[in-house]
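Same chain, two partners: chain A is paired with chain B first, then with chain C.
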Partner chain A sequence: MNNSGFIGKYGFFSSIVVAIIGVGIFSLPGELAKSVGNDGWLVSILDGLICLLLLYIIYKIMSKNNYDTFYNILIRNFGKVIGKIVAFIFSIYLIISISTGMRVFSEVLKMYLLEKTPTEFITLTMILCGYYLIRGSLTNLVRFNEVAFWIMFIPIFIVLIFAAYDADFSNVFPILNSSPVNYFQAISLSSFSFGGIGIIFLMLPALKNKSDYKKSAIMAVTFITIFYVVINVLCIASSSSPQVGKLLWPTIAMVKSISIPGGFIEGLEGSVMALWVIFYFTFFTNGLYFSSDLIKDIFGLEDIKISSYLVIPFIYLIALLPRDIGELYGIIEGVFPILFFTCLIFFPLILLLIIKLKKKVAATDEA
Partner chain B sequence: MKHKKLLILIFMSLLLTGCWDKLEIDQRSFISTIGIDPGKEIDKLKDLKKIKPGDPFEERAIDELSVTFGFPDISQLGQQKGNSAEDKYITTQAYSIEDGITKSTAMSSKSIFIADCQLLLLSSDILQYPQVVKQILDYFQRQPRVNKNMYILAVDGNTEDYIKFKPYMEKNIQDYISGVMENSERTATVLPVTLNELLILLNENGNAIIPRLTLDKDRNEIKLNGIAIIKKFALVGYLTPIETSDLEIVRGKVKSGKKVIYLEGNPVDFVIEGTKRKMNIVEKDQNFIVNIDLKLEGEIRAISLEKNLGQISKLKEVDDAFNNALSIECTKIATMMQKNFGVDAIEIRENIEKYHPAFWKKISKDWEEVYKNSVINVNVDVKARRIGVTQ
Partner chain C sequence: MKENINDNISDEAQINLDYLKELLKDNSDIIFREFYISNWKGVLIYIDGMTDKILLDDYVLETLMVMGDKVDKVTDIKERLLTVTDVKEFSSMADGVKYALSGDCIIFIDGLKVCYVLGTRTWNARGVTEPSSETVVRGARESFTETIRFNTVLVRRKIRDTRFKLELKSYGIRSKTDVAIMYIDDIVNKEVLKELRARLEKVNIDAILDSGYIEQIIEDNKWTPFPQIQSTERPDVVAAGLYEGRIAILVDNSPFALIVPAALPVFFQSPDDYYQRWFTSSIVRIIRFTAILLSLLLPSLYIAISSFHTEIIPIKLAYSIAASRVGVPFPAFVETLIMELSLAFLLEAVVRLPRPIGSTIGIVGGLIIGQAAVSAGIVSPIMIIIVSITAITNFVVPNYEVSSALRVIRILLIILSSIIGLYGIMLGGIIVLIHLIKLESFGIPYLSPLVNPDISDFKDLFIRMPMCFFKKRPVYLKTGDKIRQK
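Now for the complex of A and B:
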């Protein structure tokens, strides 16, 4: 077994969490409320279960290939040409997800904090900061994830406790009141909330002790699922599902409506928005590193520093491409589920099938 | 070398401030109150439908609103001067709130900043125009930088008079109203409604209740005078303060308040300290019966020196008298809301939606009809836990 990695148990756990939770959290409760009303939290649990299944598939693929890097596994099993194409599609998926996220992030920031700052400027500074971080090695990125995890979640949970103060939790009733078709639709719509799960392909080969994988990964997915469920329930409880469905970013609206008795803290949303910057930043840097890493291998480049030069202009362009917020969410809702199912469900399943077949062929050859 | 690096870092930080639209704090008027009245040309509202989306509009804009912005006179604030100031105000005729802000900015030496607004006054006249009410509320819902916790009130007459008004206890109306609203935990006749709550209620079915403010010009005082009932985005009627407190009790939201009965010619005050509400809905054919059980706990205040409440039977007598009186009062107010206004302010609809989803699916189409024909029974169970320190 290849045990030459450097990522510890906690580093692995926190990297998965911060790489998955991104800007999707702003709009997730709204998207879910539109399709399934009060049952958004149920859909999040279903998403979590699907993710656990994915964890298992990824584990099978990686362990059967002696925890090699994702690119090498693709080349070994698909052959050089198809392997490269698959890796390329995968990196396109990553680039689209971080650049649409970038646009959402800068729109939200512009709306709530920096009214007159141009979107281009926000995008550019974010890209430069991210580039600076990934110029270091994967070790630096993981260290950053480890630190960011606490900076992100301790304040957020404190804010969420305040949000629970005035909430009417009976709003989650009635449970299971939508038609099954709506639930499927909601699962496909909300796939973006777990879209960053592919980061495991990057992190697992570098995990120090491979036997830690199961526990850390399951813990990470459980943590994310609980976080999504809490956000969904609080949004529904602090207003109601018709209102949540109407808002573009119900999570921020929820934070904005917090009124603490005595009023010793006002305008919580300012500090919360500052925290979301880190939420997006970790999502962005992890995605950027992974896509640059793939591009480096595909084009046989020397270093990630060079390949990220190739990736960055596309992120900037794709982020600024949608004409308005309607078009942006059109892309996210239309293109994203397709890419998600191709890259994170279809490809891994095919990969697993090929691995199984190869094993069978090898076994019959020996016989 | 070290110094050089340090210098570069210091100069870099100058470029990284990210400040894009510098606006000094004293260049802003922080709006504390917004008042909205019908504009001079509100009668021409019907003509608006004739305008096609592509037509140029600015030249013949119809000023359907009259928007008043009240803001504290910052020059009165300071360390020695105190933390409250008298209001100044600007009134403009506009076709929308945004237009009002633009026009006011043009009239004012400072830029108008509404993110910290604490109070929104809607004139009862503007509440007659559902189309305009929808426009106004959409503006406040769409704006990210609006204080969603601001209080909303319906006022009789012109909002400008209220913003001009100098209350006896505070320097401006916004401080006064906020104070009264925050005190609402001590009295049941005031029912505070914030922008956020109003938007949630209206998004569900266009019905809501908001507190009503009246101005007595002869005595020069303003007072919170019950609530205004809004149905399908239009004002349909008012409740008096006593009816409001009854409604608060039926809603089960009352935290404190008092009720009175007469015992042998003496008023007996019962101070409510807590409410518990249970709603039971029984389906009956196409309609339903609502049974509301209210448990009130509290304390008896003054009666009369000669009276002795120490005996169990006596206290029970008082409790029973309250049960009877309050049950009748509460059933009356619930039925009045149902029959006269057709507005469900006691969350019967929510209750059916949440706990009887199958029944809701059946009746949701003609909810209004079903609601009007249903029966509401309110049962009050009063428990006077304390009687003070005498028998």
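Now for the complex of A and C:
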């Protein structure tokens, strides 16, 4: 039914990577160190494996439905009313994830880059920029992801090399020191960092050669996993895990501790912070596009520009809702894992079940 | 607006003559010559100054008037008596008059319902000189002139393929300017060709004075500072573009040719990148890109770091910047704007002044005014350094329109950085990136090959790989024939 497509292999790969890696990297090492001590990197690998499983489930769902858009698949399998409710919950999940990310981003920016600027201003400017990109079609979003990938990852790997220079890797040992319950807890806590995987529902129908999906998606998830593992290991290597567990944003502390001998730049975290603007921006715009797209289909609006007018005020409100960082992380750690499991594990599994049942019914009908 | 010309050609030369004398009256440079070819009356009309009179005297009038009795029928005159190579036959008066006003000569003969147009155009043209704006270190030093026929020859000498096509049409209702489209048939992207033809159909203006008129009418997006069509004075750039599958447009009376489609990398390439060895060219390319980044970011980074984020730079540098800014009454942002403005005034003045005064103003403006401003305490010395580096790096870009666009972006980044520092610079960069991503040139995304990338296109973007790697034509142009060499 839907055989038009324009996203190439690299576009798909870069879109998934930049849509998932957002502000999660700041707090991820700290959260993991609190639960599992030195094994944060193991948990990241486990997260990656779970994502690979999710990739397979999503692939099955989409291919059995002829690569139709996500909304149409929900309507077809759940019926109109429940389909709309499910889509609505999905877009609420996206909106909450980008709004809380927005608040984390503004707090980080205020603390390390612009101390006197009001949060409202930072939020507003970011939303306006994101809206400018959303006004174009999906083509422009994917093109932006393709270019942003290079701008994001080449400088960050240079910075990470400098971080590795000073690090003491013996801090990572001993490994496998915590009980299995802690690992499960850690996986649910780190769901914030992998939450953007739902973007595949948006991108897969627009992929040019559907056979490219396997290779590109697996490479994307592998890349993200390796990135998170490297960040975890470097954070723990720079400052051992009890210390990392106490810090709010250990990644930034690690960058702060980098000193380039004979280097020109003293406070590296100021410049790397500017880089992190793009990390959050891509996470924000991809999430905003997907949620506006769903809202447009749910309410039958004509254009994504109109539906984003509806979404944007909620993002602004939710971003400014928590009173301080404590409340913010309370929301993230409390609400988010539930939403993640519902939207990205529960709903797809039910969808898969319904599709399998439909097939069985169709087969028995024919027989 | 359209002219009112009676289209019929009468078979009596006298009637045609009277009609044209009435139509073209009050023109003292149009010559009407009546003569007899044995028994048939003939009329010759041409414009004094635009026509080769020697050809007319020796080869047309002499043969027709003296040898007129060698033919029996009037229809044989063209094939047996008219000893001129370039003869066209028209049955429409309007066409004939157009050619007469272009410098050709038209002949009406009793008994013929057509007019003959002889190709006799000649005038004083500027010789082929060095290009004024695209000078190269190594490479040809020819540039286009104002006559379209000489320009097409300059390109033809570089392409001797039977698949090279040249289509000529007139645009402009009053100017009837000749516009030529050139392309190589089996390489060109047929979609772009179709789109170009459709856009040229829509040209409905009274006069086309320069290729810039055509460029502004057919471009994709007029609300952007970035040019979407490449304009060049050099025939070798045009030929290279044709070999890549692009289409060139030559406009009469204009020494600048247009090449479509154009993507951003094209504006950062210079012809001698390809004539020199790959090593030199790659270094020059890298210097060019670094220069562009510097020219965009340097003033805004200075404002952001000195006003908002002083902890980024080493303490010694921070102290020395602060020391140099003692006594300067303006904040960094106002200082920068003052210097940007004076730079813009200076550059505009240098372009318009006659040559000897122009270079003097450069020295006066740059050194003396800058030094005087520092002594008067209006700007700090470090600002002078920043503005000079910015000015020099701005003109490393080989294309003038793109460097003007970069100036606009630089001012945007300066304003944003003065409001919210480094975050403002990042947001400004993101906004510019989004704008560039949305641009297209005749269906090709403007930021190709960064967008929809193909690994082979990177051989020619930030560096220039050796010639043996140039096996395929640029993939982002979606050409017909994809292989350049084996």
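Methods note: the second predicted complex is superposed on the first by the 361 of 367 C-alpha atoms of A that agree within 3 Å, B and C clash if a C-alpha of one lies under 4 Å from a C-alpha of the other, contacts with A are read in each partner's own complex, and residues count from 1 in each chain.
We take it that contacts are C-beta pairs under 8 Å (C-beta built on N, C-alpha and C of every residue); 3 or more make two chains touch, one makes a residue touch a chain.
Since the structure is predicted, the reported quantities are computational estimates derived from the model, not experimental observations.
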Between chain B and chain C, whom does A:337 touch in the aligned arrangement: first, second, both, or neither? neither
Thinking of the overlay built on chain A, is A:114 touched by chain B (first), by chain C (second), by both, or by neither? both
In the overlay, work out which of chain B or chain C sits against more residues of chain A. C
Quick check on the superposed pair: does A:271 touch chain B, chain C, both, or neither? Answer first, second, both or neither. second
Could you look at A:205 and tell me whether it touches chain B, chain C, both or neither (first, second, both, neither)? neither
A:250 contacts which: chain B (first), chain C (second), both, neither? neither
Touching partner for A:259 - first (chain B), second (chain C), both, neither: first
With the two structures laid over each other on chain A, which partner does A:125 touch: chain B (first), chain C (second), both, or neither? both
Output the chain A positions appearing in both contact lists, the one against chain B and the one against chain C. 114, 117, 121, 125
Which stretch or stretches of chain A touch chain B in the complex? 111-112, 114-118, 121, 125, 170-171, 173-174, 177, 239-240, 242-243, 246, 252-253, 256-257, 259
Contacts from chain A onto chain C in the complex sit at residues 8, 10-11, 109, 113-114, 117, 121-122, 125-126, 129, 132-133, 136, 140, 143-144, 146-148, 150, 264-267, 270-271, 273-275, 277-278, 281
Taking the touch rule as given, give the residues of chain C at its contact with chain A in the complex, in rising order. 308-309, 311-315, 420-423, 425-427, 430-431, 433-434, 437-438, 445, 447, 450-453
Using the touch definition up top, name the residues of chain B that touch chain A in the complex. 18, 20-21, 141, 144-145, 148-149, 194, 196, 199-200, 203-204, 353-355, 357
